[in-house]
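Same chain, two partners: chain A is paired with chain B first, then with chain C.
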Partner chain A sequence: MIAFERRESAGWIAQAIAYLLAIAAGLLASVVLITITGADVADGLGALWQGAFGDAEAIGQSLAAAIPLVFTGLATVVAFRAGIWNIGQEGQVFAGAMAGYWMSLQLAGAPAIVAVPAVVLASVAGGAAVAALCAVLKTRFDVNEIISTMMLNYIIVYLLSYLLAGGPWIEAGSTAYHQTPLIADTFRLPELFGLHLGAPLALLATAAVALVIGRTPLGFELRGLGFNPVALRYKGVRVATTIVMAMAISGALSALAGVSEVFGINFRLRAEVLNGLGYTGIIVGMIGALNPWGTLVAALAFGAMANGALYMSVLTDVPSALVPAMQGILLLFVLGAAVLTRYRLRFGRKDGRHG
Partner chain B sequence: MKLALLGAAALTSLGLLGGTALAEAPTELGIGMILATGPEADWDATLLRDVETVAKEAPHGLKIATKHVDGVEGEKAKDAMELLAKSGKYQVIWAHSSYSDQVKALKDKYPDVLFVVVGSGNEGLGGNVYYDYKRVHEPSYLLGVLAGRLTKSDTVGVVGQFPSEDVNDQINSFFAGAKSVNPDVKRKVAFIESWYDPAKAEQFTNAQISAGADLIFQLAGSFETCEKANIKCFGNYVDQGERAPASVVASSLISWEPDLKWVIDAWYDHAANGKPYEGNVKERWFSQAEGGSSLSGYHAYDDKIPAEVKTEVKALEDKINSKELVIPVDLAVPASD
Partner chain C sequence: MQRQPVLSVRGLTKTFGPVRANDAVSFDVGAGELVCLFGENGAGKSTLSACLAGLHSPDGGEIVLNGEPVRFSTAADAIVAGIALVHQHFLLVDDFTVLENIVLGHERGLFVNYRAAEKKLRALCRRYGISVRPDARVGDLTVGERQWVELLKALYHEAAVLILDEPTATLDLQESRKLFRIIDELKTAGVALVLISHSLAEVMRSDRVVVLRQGRVVGERATSETTPQELTRLMIGREVERKHRGSSRPGRPCLDVEHVTIRRPGGAPILDDISFSVAEGEIFGLAGVAGNGQKPLMEAIAGVLPFSSGRVLIDGELLADLDVHGIQKLGVGHIPEDRLSEGLVGDFSIAENIALGSHRDVFADGHFLNRGAIRVAAAVAIADYQIAAPSAETRARALSGGNAQRVVLARELAAASRVLLANQPTRGLDVGVIEYIHDRLIEKRAAGCAVVLASSELEDLLNLSDRIGVMFQGRLMGIVDARSTSIEEIGLMMAGQKREAA
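Showing the complex of A and B:
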């Protein structure tokens, strides 16, 4: 009989060691896989490293890949810490990008000083509104948020599909495709040190979420909601309002991921560049132990891994199908380490007797 | 060895080794490909198949090496293409989907690289960017004729991926073919909103079968569903009858060989003879007569299709190839009746 027991929280050094060991074990398993396919292991791992942190350009690309994951990871942190199982990050990313794009159409011709803040605000409002809708469904009609957020993901993603597939947002012309026209320069997020505005925003958001959760009355209520909503109600906190607030903040954070991908990097709204950011954010937030700074680190690691994987698939003979498999293996080991830092395995019978 | 190479390079740059007019004819070519999805999707699998065939034929005596990167989107695709270009090993970069935004950012930085963008959602950039397109509307029309002749419920369906232009053209000419021989045919159209999603394709196929369709043009490739429901289906891009002989009557096939040769010739002319690149601004596609597309054989259905239908289809195929019959390219978003 094997049982899981909750540990006293492991120290951060122990946690760091656990994660490093997990990465090492994941890499080892990947090496076995690469060897089986007959590709050159040193080449493969070299390219992985080069893409993750190899030079300034690669680091820039890794950071760019991490930015949206910071936002969706933080969105997960805010909701899950409050015990609200928001899995609508995916739809909220889309909603944010779509609201931002809608605003850019309303303000066509506006100067950048107006255009950029308006797009960011509109998108934040869009993401927050969609998430708050699910929160209201929960508080008013007792609709389970897992179901409402999940289902709303589909509705939003397909709404974009409608808008782009012959709908009003499709690029006109003989080669129409499911994407919008290019977004005008004035609406694009300005660049600082080779990274777009999303980078400082992501840092700021991490600090803000850490501050709000750790040091403000709202943060106290959020955490209280996660621990014991009944007790919180007896304390006189309006639980319904807190739930809506938590969801709105979560949705707003996800929306920023949509803005940074569309207005910071790709300059066209199309589904492919947004796909998966929300779902990956849930994993990033979980690996970050629902801690804002931990989530930042996890997002950076994910960004580096994604860019390293790209280099590996372009520069080496490692079969391209192996790259996502390697990512999956690394992820499993890291998740395993996350569990082991919080739980210990106990062998033997539950009642303590042996045999 | 290195010194000798450096010396040669220095001499060449001084014009002492023949100058530009007599640049040595290249013997090797690297083709780097950015796939739209991955080798599991027929759109990409056919390219991988044909690039190997062309490599074996060794046009201009070239030793051709290939490399492919699976479905990367947006900025990541740009990074992948730049890595390919920077490595110096790939002189042709074939971007197998809508990547003209990314190519635009790279084309002037790597002026000797020949870029190819393929299909819907691209912009013709000219210069060192070639714009290739695949039109399968001609064999799709022939499949439609078969459907119009073979349907018993007078209801035929199409399960497509996205309503994009190079999907719409196939669907529209399929129905045009069906209506040309059977004006009573009712159309059912569904899009799974993905380039590759077998589970969704199955759902939509089942929905169309419930709605009475007894013949389905499967652009999204769910042939097991046809088999289970005991209805007939058509495939596209590859010869699906080889994989699912029980349900697939015929398929519209594509070949990238003429496209690849067109591009390789352009690159060779540039590399060997210094001819400037002349990338096309308007999309180029190779017709059925030019070998860009074709109708498959009937496999297990060969003796089940009435002889007069087969003769009719063959006659139409010949008429299309001789340009006696021109199938219009209809890009409108198709809808169910």
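Showing the complex of A and C:
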């Protein structure tokens, strides 16, 4: 009989080794998968690498693809560390992008110095409000946040669908494409070193989340909430307020992913450019071990994989759909490693009597 | 000549690790007889009933039902054999209706004949005068009504032996009377009844009393031939070593609790009009069988649990508008009953646990945690309270019970400049740590703190307290002087006898 036993905590070296082994095992399994599709493994991986890091432009695109994942990954970190299972990042990305776009309509003609901050703030407020709504449902009416955030995802995504499919936001004269008209220059995120403003914001957000979680009373409460809300209540922490704060921050971070995609890269609002950013962010945060810097690294890796996947599917027979599969495989192995660092396997008969 | 008993327990033994919860327990119950199992917390009453109802399997001895030895591996086996247990803690599915809960686990075949089941249930309700709608969702019922559902569950299966585990704990007086009317009817119908209770008023209504202490049967009496005094003596069963610890000089009143009441819809109140006052430099003991309101009382004073009416004052200041944090700032420390779930965050380090609760003021520096101050406080706590741990970064979960409790003590005694609420501070700890904690409580008393100490150890209460308040079913039965009272007197009050006016 094999038993799982909780162990105190593995040292950080042991944890690092476990994670590296998990990633190696995940890559190995991915190679097996590529082989099964009949494609040439070396060609496939080579193309993936080329597409992700082949030249300066490829690297830039990989970084750009990583930016929204940093935000949604961090959104996951903040919520999950507080023990709140927010899986509404997807909807919060959309809400952020929509609130930002709405603001750009209100401020048409405003100079960039007003327009850009206003768009970013509106978007952050939109994402935070949607997430906070689910938090209030949880704290006031005991509605499970997994259900409410998940359901709200659909509502928000289809709301955008309505606004764009012949609705008020659709580009005049276009019915084939469900998208808004191009956003005016003044609303676009300024570029720095070939990357839009989202890049420094993502870096800043990572540092800020690390600082808040590790060094502030709020972060202290977030972490405590994830471990033992009862003891927090006994020591006078306002648990409901803390939950709403955590969700609002999480939603605001997700919203930034929406802003950077719409106002930094595509310059129009349409669903395809936002699809999956939220759900991938959950994986990114988990693979980053719910640590802000780990999440940054995981987002960079995922951005590179997503970017390289396009190139790979064009150049070789490997279908690009394989990349999400690889990401899923990696997640499973990393989660396995996380469990193993917390538990140990014990072999032998379980002590027990019958009768 | 005696008739054969319906249920006969022979040398039943159940151990949990090194603890002998039941040690060679034997007793009989005849048809139409009400036998009461009487004893303190941890005497083994609930373990015994769980063994009879198939929830635990005994390690030794046998259970004989109608002359046949039986062995249950599940509760369903026991019910089929004719033994039903009415649980103290309800085992009901909130989202099911009353009817669904009652047939749960006894469905036969693919379909449940709800119509027949409902007819039978309605007949039962009529017969015993219980008004519960079969289609009501259990989650919507009051605690009192749930107790009736538990009972209906047992009646529905026409048990030959019915075990009632503290059935009146959640019932108000009127409903308790109704329960005993039903019990009388069941006796007439020839059901063998086992009543688990620590209330003497109920015990005295039985036919026979089996007194348990530390897992053993220490006495069996026909109820008509015994007195509450004798039963209490048997229950406590020991001479207490009286060595009052140090001399105290209580000063002016510090903590005032006035008419504090916590009502609960459709059930007996959790706290019923509690009033007492504790002076600075005094230890006020709270005695009572666990679950009689000590914990909610402590939590109401600390601000963790809101109360329905009444008020609490510290040094004349009303606590009404303060939350837990505000009350702590007035100089109140609270050692909660369960150190690992209520007192500490297991995955926090010792240092973080020391900071918990003061992390927004004492240990904050502007918008950030003052990590230097936390480190220093943790180092001081570890040295002062002799916490055995590799470092201040050790997680609380990794500590032994005694060391974990020292962390709670370090934090709460530092907060308690005026009032210390200590709920079972020594439970489950070894002798050395218990001594240490007692010394610290006495130090607090000497420093002029008003200390409220709840403990299930009567000796400790008698030796540490200046006065002792005894709780029973949410009420304060009386307040006695720890030096002049007898353990029997406290025992009687714990079992629900009001203190006779002196």
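For the reader, a short list of remarks on this structure follows.
Following the convention adopted for this analysis, the second predicted complex is superposed on the first by the 271 of 355 C-alpha atoms of A that agree within 3 Å, B and C clash if a C-alpha of one lies under 4 Å from a C-alpha of the other, contacts with A are read in each partner's own complex, and residues count from 1 in each chain.
Going forward, a residue touches a chain if its C-beta (ideal position, glycine included) is under 8 Å from a C-beta of that chain, and two chains touch if they have at least 3 such contacts.
Keep in mind that this is a model prediction, so the values were computed, not measured.
When the two complexes are overlaid on their common chain A, residue A:Leu315 makes contact with chain B while staying clear of chain C. Which of chain B and chain C touches more residues of chain A: that partner is B.
Of the two partner chains, neither chain B nor chain C is touched by A:Tyr343.
Contact with chain B, but none with chain C, is seen for A:Asn307 once the two complexes are overlaid on the shared chain.
Legend: residue contacts after superposition of the two complexes on their common chain; A:Tyr154 is shown touching neither chain B nor chain C.
In the superposition on chain A, A:Pro217 makes contact with chain C only, not with chain B.
Judged by the touch definition given at the top, the superposed model places A:Trp12 against neither chain B nor chain C.
Once the two complexes are overlaid on the shared chain, A:Trp293 sits clear of chain B and of chain C alike.
Within the complex, the chain A residues that touch chain B are 61, 64-65, 158, 161, 165-166, 174-179, 182, 261, 265-268, 272-273, 275, 306-307, 310-311, 313-315, 320-321.
Chain A meets chain C in the complex at residues 8-9, 215-217, 220-221, 223-224, 227-228, 230-238, 353, 355. Here chain B touches chain A in the complex through residues 32, 38-39, 67-70, 72-76, 79-80, 83-84, 87, 98, 101, 120-123, 162-165, 191, 193, 283, 331, 333, going by the rule given at the top. Residue ranges of chain C in contact with chain A, taken from their complex: 57, 59, 71, 302-304, 323-328, 334, 336, 341-348, 352, 355-357, 359-360, 364, 367-369, 371, 395, 397-398.
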